[in-house]
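After this come two complexes, each holding chain A, first together with chain B and then together with chain C.
Presenting the complex of A and B:
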């Protein structure tokens, strides 16, 4: 289980030390992609805690959401409509919902554990 | 089961790799932007970029304007230089034109208008008892005398009986008439001169001058100042 964590660290290092520069007009895409990735990650954690986790759903959702967000932003830029706002809104709301669900589940688990210890 | 576990780990690894890369990459880019002093919040970055571009464009244009203005000043200096040299040339041209005008006037090529006087020379009353008839008529040398005196006194243009005198005019005495440039005129002769009439009259009226001589030759001499005389140019070329 520590290989994915190692991969995360490698990814962070790659991102920090690459000298790639993104043109100004693509900064939106990047922000949306980051948001989509975060959303999917938290969604996966939530699903895992709720016991409905599925590998294929998680992995496909991760990449598909990223691609969808980027293409949505691309479409918005070319149509002159700020469609990336819609993506940010959707992902942001879902992010908060997922985090809220995770928090509740964790709280319930914690209180149950405490109860069991007390008893 | 083992291979499935491994595949799962690989997929997770890729997912986390991508996630970590995205996060840190976006973080480092945002940090760069902040360090470059670009005031662009993540949501308004598009407008920030646009604003930045427009501002850069504006600066470029201003720079360009300054350069162009400098060039304009240079060109204006050159033009002024040209004008200066041209104005001196113009002065020279003007002088030349004036000279040409004067010469044309003396040549009789242009119409001349101005104040002046007219002198009329009439044959004297012939008294058969007192000698030669020739002593009583106007000869060409009388006309010459008057003309020369007028020219010396500063007349600009002279005509005899309306015939303009030019630089190479000739006057011949043919019996009782005189010929001016081939045109015969009988007495009386009217010599018209354009110039300062006071000066011209004074020159003719000098004591012992032209008038006295003419009167001595029994010629009737009439002098009249005319405020405005107009003389036509001699068209025929010679």
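Presenting the complex of A and C:
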């Protein structure tokens, strides 16, 4: 469990130390990409906890969602419609749902553990 | 969690971490903390104000230059008009000219004088022929007996007297000054006149035509009368119709 968290820290460190920054006009894309990545990540965690985790679905979902979000934002910019808001909304809602599910599962697990200890 | 899932999570976490860091940096970058106190800011303001005044002075200077240029331009257009007027006057024959050219002298044939035959006048036809021939040989300006030929000049017989521009020619000999573009043209004109049949034509009328060597400073006077323009009208600017 601690290896992915370590990877996250390594990634953050890598990002900070490479001193890479995106031009302002592309900040929108990056934000939506980050959101898509987070959504997929939490979806993966939830699926794992629910025991329906599939490696291929996870990896493909990660990249596909990112690409879709970015292209939607791109289309939105060229159509003059803020389509990236739709992506943010969808990802945001799913993020909250996923986190809620994760929380419940963890709560159930925790209470079960407590019960078993008590008994 | 099996190995495969762990590996995928690790990979995705790495990517997400990287993305978040980049995003964080992009968002954070423009903001730098302002740590100056009031006096520093005042100093900065003073510096900027000085810069502003310098720039304003500069702008003023440049504007003045622009104004100067505009004035110069106006003046120069006036100058251009003057130049045009001058060149037009020159072309119309309203200015005296000194330029390379030749001088032609018409004088009575000596033999005839000795025989006592009265000296005749140059007939207008002959004179016209000479003038046409001269123009054909690239003469630019001609004066006959100090009477400048212009576009509307007439050579004709009035009451038995040959006149140029309405003024009678003096008795022979008569001098004809011809101006050409440059010395080379003058040479050419001289050679052509030497070879021309005009000499014989004049000889028939007992007049000897002598062509001087081309000279650098042939003077011809200006046209003396005012040019009356009767059949020309200025074109209106709009150019309608």
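Operating definition for what follows: the second predicted complex is superposed on the first by the 111 of 119 C-alpha atoms of A that agree within 3 Å, B and C clash if a C-alpha of one lies under 4 Å from a C-alpha of the other, contacts with A are read in each partner's own complex, and residues count from 1 in each chain.
The rule is short, and it goes like this: a residue touches a chain if its C-beta (ideal position, glycine included) is under 8 Å from a C-beta of that chain, and two chains touch if they have at least 3 such contacts.
In this text, all values refer to a predicted model and were calculated from it rather than measured experimentally.
Enquirer: Go through the superposed model and pick first if A:62 touches only chain B, second if only chain C, both, or neither.
Expert: It touches chain B and chain C both.
Enquirer: Just chain B (first), just chain C (second), both, or neither: which does A:28 touch?
Expert: first
Enquirer: Touching A:20 in the superposition: chain B (first), chain C (second), both, neither?
Expert: In the superposition, A:20 touches chain B and chain C alike.
Enquirer: On the A-aligned overlay, A:48 touches which partner chain: chain B = first, chain C = second, or both, or neither?
Expert: After superposing on A, A:48 lies in contact with chain C but is clear of chain B.
Enquirer: Residues on chain A in contact with chain B in one complex and with chain C in the other?
Expert: In the superposed arrangement, which is not itself an observed complex, chain A uses residues 1, 3-5, 7-16, 20-22, 24, 27, 30-31, 33-34, 37-38, 41, 55, 58-59, 62 for both chain B and chain C.
Enquirer: What residues of chain C sit close enough to touch chain A in their complex?
Expert: Touch list, chain C to chain A: 1, 4-6, 8-27, 29.
Enquirer: So in the complex, the part of chain A that touches chain B is made up of which residues?
Expert: Where chain A meets chain B, its residues are 1, 3-16, 18, 20-22, 24-25, 27-28, 30-31, 33-34, 37-38, 41, 55, 58-59, 62-63, 66, 88.
Enquirer: Which positions of chain A touch chain C when the two form their complex?
Expert: Residue positions touching the partner: 1, 3-5, 7-16, 19-22, 24, 27, 30-31, 33-34, 37-38, 40-41, 44, 48, 53, 55, 58-59, 62.
Enquirer: In their shared complex, at which residues does chain B touch chain A?
Expert: On the chain B side, the touching residues are 8-9, 11-29, 32-33, 40, 42-43, 45-46, 49, 52-53.
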